[in-house]
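Two complexes follow with chain A in common, the first pairing it with chain B and the second with chain C.
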Partner chain A sequence: MPSTRPTREGTAARGRRRLWARRWAGWLFALPALAFYGIFNFYPVLLSIQYSFYDWDGIGASTWVGLKNYTEVFTDSEQFSSLLHAFYLILFFTVLPVTLALITASVLRQLQGRFTGALARTLLFLPQIIPGAAAGVAWTWMYSANGVVNQTLRAVGLGSLARAWLADFDWALTAVGFIGTWLSTGLCTMLLLAGIGKIDNSLYEAARIDGAGPIRQFLAVTLPGLRNEIGVCVTITIIAALASFDVVYLATQGGPGTQTMVPGVAVYNLAFSDSRLGAASALAVVLALIVIAVVAPLQRLFREK
Partner chain B sequence: MPKQQHPTSPARIVGRRLRAPLAAVAAASALATLAACSGPGSGSGSSADATPTAVNTAVGGTPATLTLFSGAGLEKYEQGLADAFMAKYPKLKLKLRVEADNNYNTVLPRLLASDSAPDIAAPNDLLGGVKDGLLTNLDAYDKAYGWSKKVPASALAPGRVSKGVIGSGALYLAGGSAGPLTGVFYNKELAAKVGMKTVPASIAELDAVMAKAKKSGITPIVASNQDGLIGHLYNLLLGDYMGAQKLSDIVYHKPGATLDTPEALKATKTLQKWIKKGYFASDVNAINQEASYGQFTGGKGLFFFQGSWITQTIDKTFKGKYGVFPMPPAEKGGKYAGMTSNTLAYSIAAHSKHKDAAALFLNFLTTPEAAKVAVDNGYAAVTSDSGKTPSLSGTLTEQIQTGYAAIAADNGFDSWIQNAAPAVNTKLPQQLQLLVSGKVEPAAMVKTLQATYADAVKDN
Partner chain C sequence: MPERTQTVRTLRRRAPGLVLIAAAGLYSVVPLLSMVSAALAPQGTFPSGLSWPSDPHWHNFVDAWSIANITTLLKSSTLIVLGVVPVAVLIATMAAYAIAVLEIPLGRVFYTILVLTLTLPYEIVIVPLYEQTKAMGLLGTQWALILPLIGMNMPFAVFWMRAHFIGVPKELSEAAGIDGAGPWRALFHIHLPLARPAIASLALLMFLSTWNQFLLALVLIDDPDKRTMAGALQAFTTKYSTDQVLLNAGALLIMAPTILVFLFLQRHFVKALLQGSVKG
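Right, the complex of A and B next:
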């Protein structure tokens, strides 16, 4: 940009005024958006922080309880285990989808422009336009005792593995996790495909001339070229994993027992079923801090060098 | 790729110069909010009109529009009440505001606290509603209409609250007297198949029928436990072994009431035994109520421990193919016990602008016209049928009436332990799922539930 070169008049006062105008004019345009952000995002966050220090049923009088709600987050086994479950879900919401998406995107690159490529892209992106809540309901049917999943297992002779997946104490969380995989693989594939499209084709050509096979090309050209896009995928899906609510609430409501309880559902239960706004806010604040603590270092890691 | 970013690009300048002030503003406003000494919610004191004294009963001719907050499962029934009311008082309008059943309890208190509160509702957390000043004290209306004289005291007691305990004191929930029979629904065809010719007279006899069913490849119990609705059966067992009064004491927060008793343990062990014997479908933890309706009407099991409200939903496809009898007593010749709630009793919101007209509706609920709507929808009204004993013959409506009368004759009505406190309502389904999966033992489960209850009562 044309920066602070001295003006022809050269008077310091005028220069300062113009600088001032330039600096604040932008903010003026941003003001409406900032106001909305403040009212609907920033203010509620502050309120949540305030509530988290109170014992309050959401309607009547409240009492100050200091840090009691926060100690409960880490001493109450149900709340604490919900945090651990959220980290387990990262495996299914992030690690698996990004890996699958990398493979799929590389393969699809070869099919670009062809009809099969368009078809594959559409099919892959389909889960993305289905709301998580609807996916949760659909998958409860597929996972049920006589659902598609078990029918398939029986058809290939693995009937002994068939079970009511969402009711099984050992498998419920993993089953819920796979719904997340299904949901985010399409998004990641789309993002990575867009990224691959930006990589200069001559790089691939050069690699090929140097004798690099498909795997070598993937490692030397595709992967480094997608650094930014992978960063976006990882960030979005980790937040989706840690803050998951709709899929879990619709599929299991945190059950069986508290086997699939995640912070999102626990916050909802505390706030609206148990009428304990303070405890719910404390857990929500802790969750927000965890999300920031996990995501912030990743931004550094994936930033372009 | 463009790597060099101009050192004085706008983003950079703003970023560096404003980061510190923004953070300062954020921190300052956060502190200001926190330091504002009043906590949230303390100012909601519009309780001035929660206890009306001058009431008017001659409002039938004054046009007004009332709103009744209804749950989707009860819509047909409550619309029936509204229609009958409007037929009697053509000048008055009564509209339903329908909410999904699983949201009803969470939405209602917030709605009652809002400016657009419905006039009439049936709150499940009566104590919380009274504590927060959301419900109208009905004593003046009771006096004006004489409800205490014409409605059985036992039907009004669950609507009285005094110092955080239900059962006596000021009236907050009133109307007529009718309620569901919570008992044992059975598939007639399968019952004939296993040779059930009479109503089981004890838990042991019920067990024997189920064992026989299991042996002949019929699932003895249809249930849903993704939503913890095995709780109906669990509550019936609790009432049987503890006695209706002891169970009600817990729900009503009577001082000293506890679940940590040998009787409650015995009830829990009985349920565990039935789980271990395979009386439930193996995926019962993944089944929700709707799916369980489908299984029962689809002939997938013999018994269905539920309340007679289900007739409103499943009668369409299964009429005449199922019947009901009350939960047998623990021992032969013992006392019947079962949960019910007065479905002809409602509260008036403290924020209602038409309290007099709403009270006229509550008074309408004491009339035979209202009782007829209740009976038509699968509820039982207190009548003079109590001479009959439960049997496997007769129509479903007759079976519901006689079953209800049998429990009434034994003074055996109690309530769902979930209603004791919202936290118990959250905890019980989890514990029942653990019990089904063999992840908790009965003794530990009873102790957990008692701890949750004690914790919730202490807060009040």
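Right, the complex of A and C next:
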């Protein structure tokens, strides 16, 4: 019956169109998120990139300066050293906490019962709970002339080493770094403990039967088994190190001199003390690119099986 | 007898681990204890790092409460959290539902862009956000913080909720469709009740990051009394940098709310933080 065919096709087309319209209607659910994200997250990122090519004090006219702000990031000693400091901080925010957490997790695993105790768990999480700014205040006090650090040194007979750590030209950045160690160690320990509990015990037994000692077991079973968790720790702590602001701003504001200047504080100063919005944006863009350049390969490294 | 040797042996075997975990716990808490010890010293004295004051001046906390304007700050922080968290959780859940369950066209593209901006540091948005909120006439008000924070929370929140929706069996939505439930009813009657644990964890993480927000609060709100508590800490420390006793008492009060909430909801927090990091 040839006469019915067009109608059936018509219905099918109409049905398809209706389905298509219904799938697009689903965007109504995503629209509020898209709007907030677009206006207050994505667009500002684009604006930052745009600002970075201009000289602008935020009030007067802006002038196009091409890549001048970017060359300044790498030639101005304060800006460039802030980037170097950020990399130095990775040692304390990431390498040290992950190492400590690995040791703690392996030792506790060998005790079989994954007992950490409610109290220990609470204490380990405390640094992660309080605002970074408050950690800055707490450690300013720890490092002060008569604070706990010097008190301890004097108690063990190393009083000659005591100093005002955050005001010391040689030690300030390292002292700031150890605040980062304090912030990340607890979280990493808990993460790795949770991860090591998931490793199949038979893997360790098999390794033992093959004659593997504790160190070989660690390298052959623990490390690969914790790959994902280590990846997580490394990623979030590296971002915290590179983009640090709260802790440094409250502990030292970048001083003494520019010994503890980090990109976050430098961006803040350029924009809101010096009114150099273009230069601030260029440094922020470079910082964002560095974060992506460091984090993206890590993702690949830790994700693949 | 053999039982006792057994316990001794277990204890000895466990000792290194217990010592290690005790040391880690101590290390986490010493800076805070040191603050408490300083906060209890007589005002105007120079306390030393860690010592139990023979005559603890608990009244310092009362003084610090009024000096640091804690009542005002609590109200301001609560207002900001209430402005950000419910809205952000709701719209992120809806968006994740649209992307993962309704499979909206170009949803993948939207999701990919969100994930790509997930790791961007706040530094890259502060200058434009300052200019934008100024142009909108919001600078200096709590809206200047609430609206941008909702936007800044979207990548992680959508990512988190999508991870949940992906794990929900497809048959569930199809069954809902057959029963004649539209996408709204399917979301609110079938998916939301199932997503409750994921939503609760997300809300806790977002509460924590909003309450502790520092950089945006510092830049977008001039008046410390309208900031988050963390943001107000900066003004307080500049004002009282020389008075170690009041400074520490005030700083402790400022961080007390998160610590209290953490202690009450500890199990949920631990779960959320561990999951949150693994998913992120």
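List of remarks:
Here is the rule we go by: the second predicted complex is superposed on the first by the 244 of 305 C-alpha atoms of A that agree within 3 Å, B and C clash if a C-alpha of one lies under 4 Å from a C-alpha of the other, contacts with A are read in each partner's own complex, and residues count from 1 in each chain.
Definition applied: contacts are C-beta pairs under 8 Å (C-beta built on N, C-alpha and C of every residue); 3 or more make two chains touch, one makes a residue touch a chain.
In this text, all values refer to a predicted model and were calculated from it rather than measured experimentally.
In the superposed model, A:A133 lies in contact with chain C only, and not with chain B. In the superposition on chain A, A:T189 makes contact with chain C only, while chain B stays out of contact range. Contacts of A:Y51 after superposition on the shared chain: both chain B and chain C are touched.
Contacts of A:L219 after superposition on the shared chain: neither chain B nor chain C is touched.
Once chain A of one complex is fitted onto chain A of the other, the partner contacts of A:R23 extend to both chain B and chain C. Contacts of A:I239 after superposition on the shared chain: chain C is touched, whereas chain B is not. In the superposition on chain A, A:L158 makes contact with neither chain B nor chain C.
By the touch criterion defined above, A:N269 reaches chain B but does not reach chain C.
By the document's definition of touching, neither partner reaches A:L67: not chain B, not chain C.
Judged by the number of chain A residues each one touches, C leads among chain B and chain C. Of the residues of chain A, those at positions 23, 26, 42, 47, 51, 58, 144, 272, 277 touch chain B in one of the two structures and chain C in the other. Looking at the complex, you find that chain A touches chain C at residues 23-30, 32-34, 36-45, 47-48, 51, 58, 100, 103-104, 107-108, 110-111, 113, 115-135, 137-139, 141-142, 144, 146-152, 182, 185-187, 189-191, 194, 228-229, 232-233, 235-236, 239, 242-243, 245-246, 249-250, 263-264, 267-268, 271-272, 277, 280-281, 284-285, 287-288, 291-292, 295. Residues of chain B that touch chain A in their complex: 1, 3, 6, 8-10, 13-14, 17, 26, 29-30, 33-34, 39-42, 44, 105-106, 109-110, 113, 125, 128, 131-134, 226-227, 281-287, 422-423, 425-426, 429-431, 433-434, 436-437, 439-440, 459. Those residues of chain A lying in contact with chain B across their complex are 1, 3-4, 23, 26, 42, 46-47, 49-51, 53-64, 140, 143-145, 163-167, 169, 252-258, 269, 272-277, 304.
Partner chain A is touched in their complex by these residues of chain C: 13-14, 16-17, 20-22, 24-32, 34-35, 38, 46-50, 88, 91-92, 94-95, 97-99, 102-105, 107, 110, 113-114, 117, 119-132, 147-148, 150-152, 154-155, 158, 183, 187, 208, 211-212, 214-215, 218-219, 229-231, 233-234, 237, 244, 247-248, 251, 254-255, 258-259, 262-263, 266, 269-270, 273-274, 277-278, 280.
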